[in-house]
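Chain IDs A, B, C, D and E follow the sequence of writing; residue 1 opens each chain.
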């Protein structure tokens, strides 16, 4: 008999973070693995409850999963939920594995039992900066917002830092709030800068950033518009409207979609099997399940601490998004290539897929 | 013209009107008398449909029990409500315009209005003042004039003389007599008993929600027990 | 003693008060009559601080009240009833009285010594209704509650704006009796506004007549009853 | 200078949208003293209707505009009938909570039956064309919004102040039962008022859609709180006040965005609301609200 | 004078007891279900339900605090969560161990990154800060009425949120402030809730409370009877803020991490809904509203993700709890526009029933 591993997800099935939920992908992957597993292989059991994107509720649900002896739990992918959950899980030996988490705070607190499935924001910013510089971007305006914590406030700064490393510079910084649907004041300001920018960088959600692209273009800005994984939403193109506007738009994300590759195949298979999968975040969820499965297989035990040790000791798993997803180096997050997506004739193309050399902020 | 049968009005646990029956013939003027809390206003409100009640109210031979207040008003019943209830946030002129709402398609609104402005000249000076800032008596005059703008066939007046100077009260009672002559049916709720009985044909005396006495006004006026009845002696 | 001197007030195009002068001594009941819109309620509003006069003085003893707001007037000992009934509708009858009584306790403890809610309610015949919310009382009962509430403040001067409106003759008579009782008991000055002449004549020591914002006559009930000006402007020829 | 004028043009557009939203709120408030936070959901339903129509093959701008407006009216009427009529006599807080309830229900239904994510609706894009007048970038949408706002304000003010129905609506706001005593079918009058506010919501929905190009469950609710503030700022219940309040907020928004040092950029909303607080402390009745010296009277 | 003859004669309250004692006892009666439910949970429920219950008790304290101002002064309040947030953040700033602070707020002003206070002292100081803020804001809000006052409370909420998020040196911005010592559990929460209920009840029944409620009915008349409306609103505001601040402190000491988002619209609306649904005119209303929505929403939530009831697996129905919350509000308001509890407190109702029972 292989061990049974329980993964408890206090998922944001509804509420503000519903678009970023990894739950369906995780469920789909677990079912695929369980079906294929032999008698001595581990079994993955996924427990899902809706956290309504509420941090407090997701901590309580985390407790519930721990009561039910889950070895791995996750909640709203923000520090206010994940930090208390990690502290709580520590006394059970359990691991908090947040597949979509990118925020640096999680890695600063000194939590021993936390694992993020995505690379931290500074790496994302660094990858974008390299691609922007390669496309000729030299002078950038960055747009920041405190609404998405460090993701939207600091990522642009890190982008600026990384761009300066390539010889570019930050010519201006503007603040905005999430939910902005009319960027005309900011655009008027950008146009009024003495130092004309050739790049605008923003790390924010769709549709805000889509509207920004459209308004920039219709106001005559023809430089680069760059961003982060917030751009990675199927509705981006439609929000921008005119395919010509997408030229010189680029963003770094977690994995490549739309090229018929592994992620697309996985999503299509899940959809066909009736899972309500959305996109890249489901792929992150699937990767988490794969990693846990492999570790359980390696350790052969259902002990949570041994499981975590096995995750960190592994040389890498073959997952949906990566041929070799490994936590050996950083322990709390993976090191992997970061695809930067651009557009050609309105279609997504991968313009780079590397591990950035210079990464700001992170030590 | 107006027939009220077995009317009961309840407010939660309180029964304010306990099975009252009243009949008002066409062209008749009937007074409703009784002490505070007797249920007069409750009857009036039930007759026009503003408070839920059981029993039957019919007007002109037609059962109106299930009609909404506005439908009853459209059927030419009108109430001058207790406590004036002028539209405080509208001007005097606007109040009067709304008073004529049911006749909005007719031409001579102004003629009607002038008639009441002549009766209450002070209102003419206040046409553009917000009704809420009028003095108490001025509001009462406005409430009466507003009700009259609809040219009702049945007019129910709940304490019309309240807060009015004697001169104006006299004018209103004169007007009631005039209306009576022109064939309008009137129900008059009054504290001013003698004056009410002087213009009324018949009267009902109520206390604690039931009718204690009913009869021709003249008879009541002479009745020594009246005083007792009207202050609610049991 | 309440003294009003040369008070004037204008609302837009209406001169509501024009150089009004009036006094009310402790133990005195002054009637205030006049046609509708004469400015009687406005005068009460000025005295109780609800409106600031354009000019003139209002003094209670040696305190100037004009323009200092209603709280100050009330705390100095001026109580009133409202012509348009302004009870605390959601509070119980008892609490309506309590509000005034506690405020009185706070500011003039000697004046309210001996007053209790129960006694005041009993005096106005409202004992049975003590726990009912004031908003559901009939019109007449609401008027009485207004009076009980005014008394609970332990006032030096009480202004009653049409206290008898909505009461029948017998009730009015009883009311007159209570008012006189109160005056004798607590020796306060009372100003009564009403359009029921029988009531006013029978009750008041002195009567002031207003018209179009001015005081047009002032004197004993007898004198006022026969004053041709009063008959002309107020009573009308019919009376 | 050019820059300042450009920003003023932008602020006018911001202000118009707030003003239109605020008008819808002020209208309902003046009809039944209801602070209708569900106004945003009327906008959302109108927006989603266009989304569905597009999904079913609709392509014309005119068609989309018609659908948004008709659905705005219908939704407002349904809300009135189902949710607001039962609380018509209730205290303000009750109406407020009912409106919250309606808004929660609608947002959750949109989440449940459509998607929690934004859905693109590009059909109204043609309304939003940027062109240059000299050095100034102006979009057709900005002009349209300004024009519609002005027309709406004038028409509504005339309607409410001059027409008999308008009088009835205003009277019903204060004293529903006495209006009925005038023979006014008060239910219908109130429904008319709601229909008007639904019309305004439909129009706003068109504008937001044209600009955003997508719908989301909180499509309408986000701007409504600002609009509510605009109403109070201008003087609650007064239509002209709502419009002025909206314009002032629009200008405040842009001015603060532009003038605030970037370091404090995130404090934009905080500063806006701080200024609103200051204005209200100074003029509790709002900018256009008048204070009447009342004494013992009430209006 | 003619005796009032009216059928309306509901029960007079028992007037033989001193008023203060009567209020305290009344408050305790209202608090009985609060204690009973809490003890049952402590005794029978698994740890995660204890956590969920804790959140419920935090909300209860907030709702009761909200009632003190909103229920008595009848002014819509959207700003109370600002005080919850201030309470939570200041214990976070003051009681978090140095090591954690080095990471989170190394540049805190006034050398705050160097100070660590005992949790109890920190709580007292935090309450003091809430109090000072309440005094400052109360000065403005108590001078306003109606919707203008409500908007200013809304401003307070948005300003406080803006400051939490943007004053990163002190509040750590939009990121979680973590590392707060976890020092309390459900028993403390129950005790605080009972205390809050009694305080709210004593205030409601006090002279000040009655006078304030009078001014809510008719400001002008209240002023004409010497009621110092501004002062009373001010008192209620400060008291309300302190109770809400206490809720925030509880929250921080239980969760161990706080974030500004937790003290924003979502909390404001939920607690407002609880209060208005229960009936804001009584403390009982606050308790009942909070209990019904907390328990109801939790029950529905557990159905949402497809529970198994008596062997039948129900389908997943996401958004059900949101839908039900909305529906409960709309229906509740339609059928009981003044809230579930009307004018009277639970104990007053019970006393009435008892007396009627004895009479018949």
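The rule is short, and it goes like this: a contact is a pair of C-beta atoms (placed from the backbone, for glycine too) under 8 Å apart; a residue touches a chain by one contact, two chains touch by 3 or more.
The shown structure was predicted, so the numbers you read here are calculated from the model rather than taken from an experiment.
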{"item": "Both-way neighbours, i.e. chains that touch chain C and touch chain A", "value": "D, E"}
{"item": "A-E or D-E - the one linked by more C-beta pairs in contact", "value": "D-E"}
{"item": "Chain at maximum distance from chain E, centres defined as averaged CA atoms", "value": "B"}
{"item": "From chain D, the most remote chain by mean C-alpha position", "value": "C"}
{"item": "Centre-of-Cα separation between chain D and chain C, whole angstrom", "value": "47"}
{"item": "Inter-centroid spacing, chain C versus chain B (mean Cα positions, whole Å)", "value": "28"}
{"item": "Between chain B and chain A, distance of the C-alpha-averaged centres to the nearest whole Å", "value": "74"}
{"item": "Touching two or more other chains - residues of chain D", "value": "108, 111, 266, 268-269, 294, 296-298"}
{"item": "Multi-chain contact residues (two or more partners), chain E", "value": "2, 4-6, 8, 10, 165-166, 220, 318-319, 322"}
{"item": "Where chain B touches two or more other chains, by residue", "value": "14, 35-37, 133-134, 231"}
{"item": "Residue ranges of chain D in contact with chain C within the complex", "value": "293-298"}
{"item": "Contact footprint of chain A on chain D as seen in their complex", "value": "3, 6-7, 10-11, 13-14, 108, 111, 116-120, 122, 125, 129-130, 137, 139, 142, 208, 211-214, 216, 222, 253-254, 257-258, 260, 262, 265-266, 268-269"}
{"item": "Residue ranges of chain A in contact with chain D within the complex", "value": "14-15, 18-19, 144-146, 173-177, 179, 181-182, 184-189, 191-192, 206-207, 210-211, 214-215, 218-220, 233, 235, 237-241, 278"}
{"item": "In the complex, chain C residues that touch chain D", "value": "11, 41-42, 44-45, 50-51, 82-84, 86, 161"}
{"item": "Of all residues in chain E, those that touch chain A in their complex", "value": "46-49, 51-52, 55, 100, 103, 165-166, 173-176, 178-179, 182, 255-259, 261-262, 266, 301, 304-305, 318-319, 321-322"}
